[in-house]
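For clarity, chains are labelled A, B, C and D in written order, and residue numbers in each chain start from 1.
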Amino acid sequence: MSASFAYRRRVQFAETDLAGLVHFSMFFRYMEEAEHALWRAAGLTIARAGELTGWPRLAASFDFKAPLRFEEEFDVYVNVAHVTRKTMEYTFRIACGETHVGEGRIKTAFVSKRPNEPMRILELPADIIERLRSAAGD
Amino acid sequence: MSASFAYRRRVQFAETDLAGLVHFSMFFRYMEEAEHALWRAAGLTIARAGELTGWPRLAASFDFKAPLRFEEEFDVYVNVAHVTRKTMEYTFRIACGETHVGEGRIKTAFVSKRPNEPMRILELPADIIERLRSAAGD
Amino acid sequence: MSASFAYRRRVQFAETDLAGLVHFSMFFRYMEEAEHALWRAAGLTIARAGELTGWPRLAASFDFKAPLRFEEEFDVYVNVAHVTRKTMEYTFRIACGETHVGEGRIKTAFVSKRPNEPMRILELPADIIERLRSAAGD
Amino acid sequence: MSASFAYRRRVQFAETDLAGLVHFSMFFRYMEEAEHALWRAAGLTIARAGELTGWPRLAASFDFKAPLRFEEEFDVYVNVAHVTRKTMEYTFRIACGETHVGEGRIKTAFVSKRPNEPMRILELPADIIERLRSAAGD
């Protein structure tokens, strides 16, 4: 099994719903939090207010295998899985102790977003990809 | 083009992020809100606090085609797409006026969740499926 | 009893927590949604991405009298209560049918926020205050 | 200056809004997260799914002094401030490095919530209060 970047997190009360479990939409936030922790581990930050570039999501998915509950601690493992000239896909695996909680994907692109212009997809910056891959052990 | 159930919604301020657009995790909430509106249109409610059955998500995905912005009004179109003995998959399409915002899927199951027992997947209740299909125009 | 602006809303599933009720932090979002609906009713919008002015919150409070539950419909009543040269305070009352759910306050200011400068509080624009008061029936 | 319990947290991307700052409703979640961390430090947990007692909020307020931004790390300091026979009030102070971000209060009660009965306020359990006070250094 290959290396991954690991991000540890605890379930907060407001993240649960009346079914007593973490709401399914939260897993997309957990994946993104792990992505941003990977950027920090690579000495980078993914966003600054007012910037004219960004990393919007093209697609996101998650397969739910086991629920998470209030106050449980879990790990989100991130890898940089597929990189093309203009898109990057992360894969994620969530585990709570021995329990496999699920796995997901987020596909992203690098865009220019000038005021009053449509977003324009740019080539991925090679140095950023290299640093992320390296921080993820890929 | 086949019929769908339509749910209208307006983007709220807290749903945006520092990139100035709706945060990608919100689209999963918008899909779920539309699902629950479909249940109400079918004369049903998907959840009651303390119930010993539930409809947990098995998988969820969304493909993002255009962003949504603060105060924009959009429509979420729902269909009951694939039904097996134990799983049901909804498909969703989001549009903001003429703009195709994206499309997604949520796969769900019907479970029994008694205290101190693992969740157990049950057969889908045929009458509920029938009413949802009918409300969605499927 | 004086007039108010009324905003109707339904509780969504993701807004509940494992206690089976709406999470208390959501009431602050409900108040803000009602505030923004008041701005729209006055022919205004409170925010645009990239703007160099804004309406940050100085204080917010809520007194909880009765819980809200999944799928309940409720009304948020807004008034423009106290206006000084540089601050405006809204008052809110939430009711679900005959049930008094609670009441709250949000105090806000009008600021200039140029890049790389600290926020600076400006005088409130008199025409905006006038239009909000009028839309709220104050 | 008296002791407090300190909870450290980092701002996540989804917690910001289009103004480029943390959304004001998040500060209520940060206060609650710190409260629950205090409970854990006291060897307690505030909630379990399906429990017939709970700690609903009676009132909550926050005074905002400075904004928080994406990826900033901050500390939430908690104290058990006022305890009566049936209510307990926490006070909170948030700091980001040398910056005073704001302060708030949450007032809570201990209730019994049996199915199909209205919530009933009970006397506060003295041992829990003692352990929380001790963990907060009060």
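Simple rule for what comes next: a residue touches a chain if its C-beta (ideal position, glycine included) is under 8 Å from a C-beta of that chain, and two chains touch if they have at least 3 such contacts.
All figures in this text were calculated on a predicted structure; none of them were measured in a lab.
A centroid comparison over C-alpha atoms places A as the chain most distant from chain C.
Between the interfaces B-D and A-D, more contacting C-beta pairs are found at A-D. For this pair, chain A with chain D, the centres built from the Cα atoms lie 28 Å apart. Note on chain placement: the centre of chain B and the centre of chain D lie 32 Å apart, centres being C-alpha means. Counting partners per residue, chain A has 13-14, 16, 18-21, 25, 29, 32, 47, 49-50, 70 as the residues that reach two or more other chains. Per the touch definition, chain A reaches chain C in the complex via residues 13-14, 16-21, 23, 25, 50, 70, 115. Remark: chain C residues 12-14, 16, 20-21, 29, 32-33, 36, 40, 45-50, 69-71 touch chain B in the complex. Interface of chain C with chain D (complex): residues 18-19, 21, 24-26, 28-29, 32, 47, 49, 54, 56-64, 67, 113, 119.
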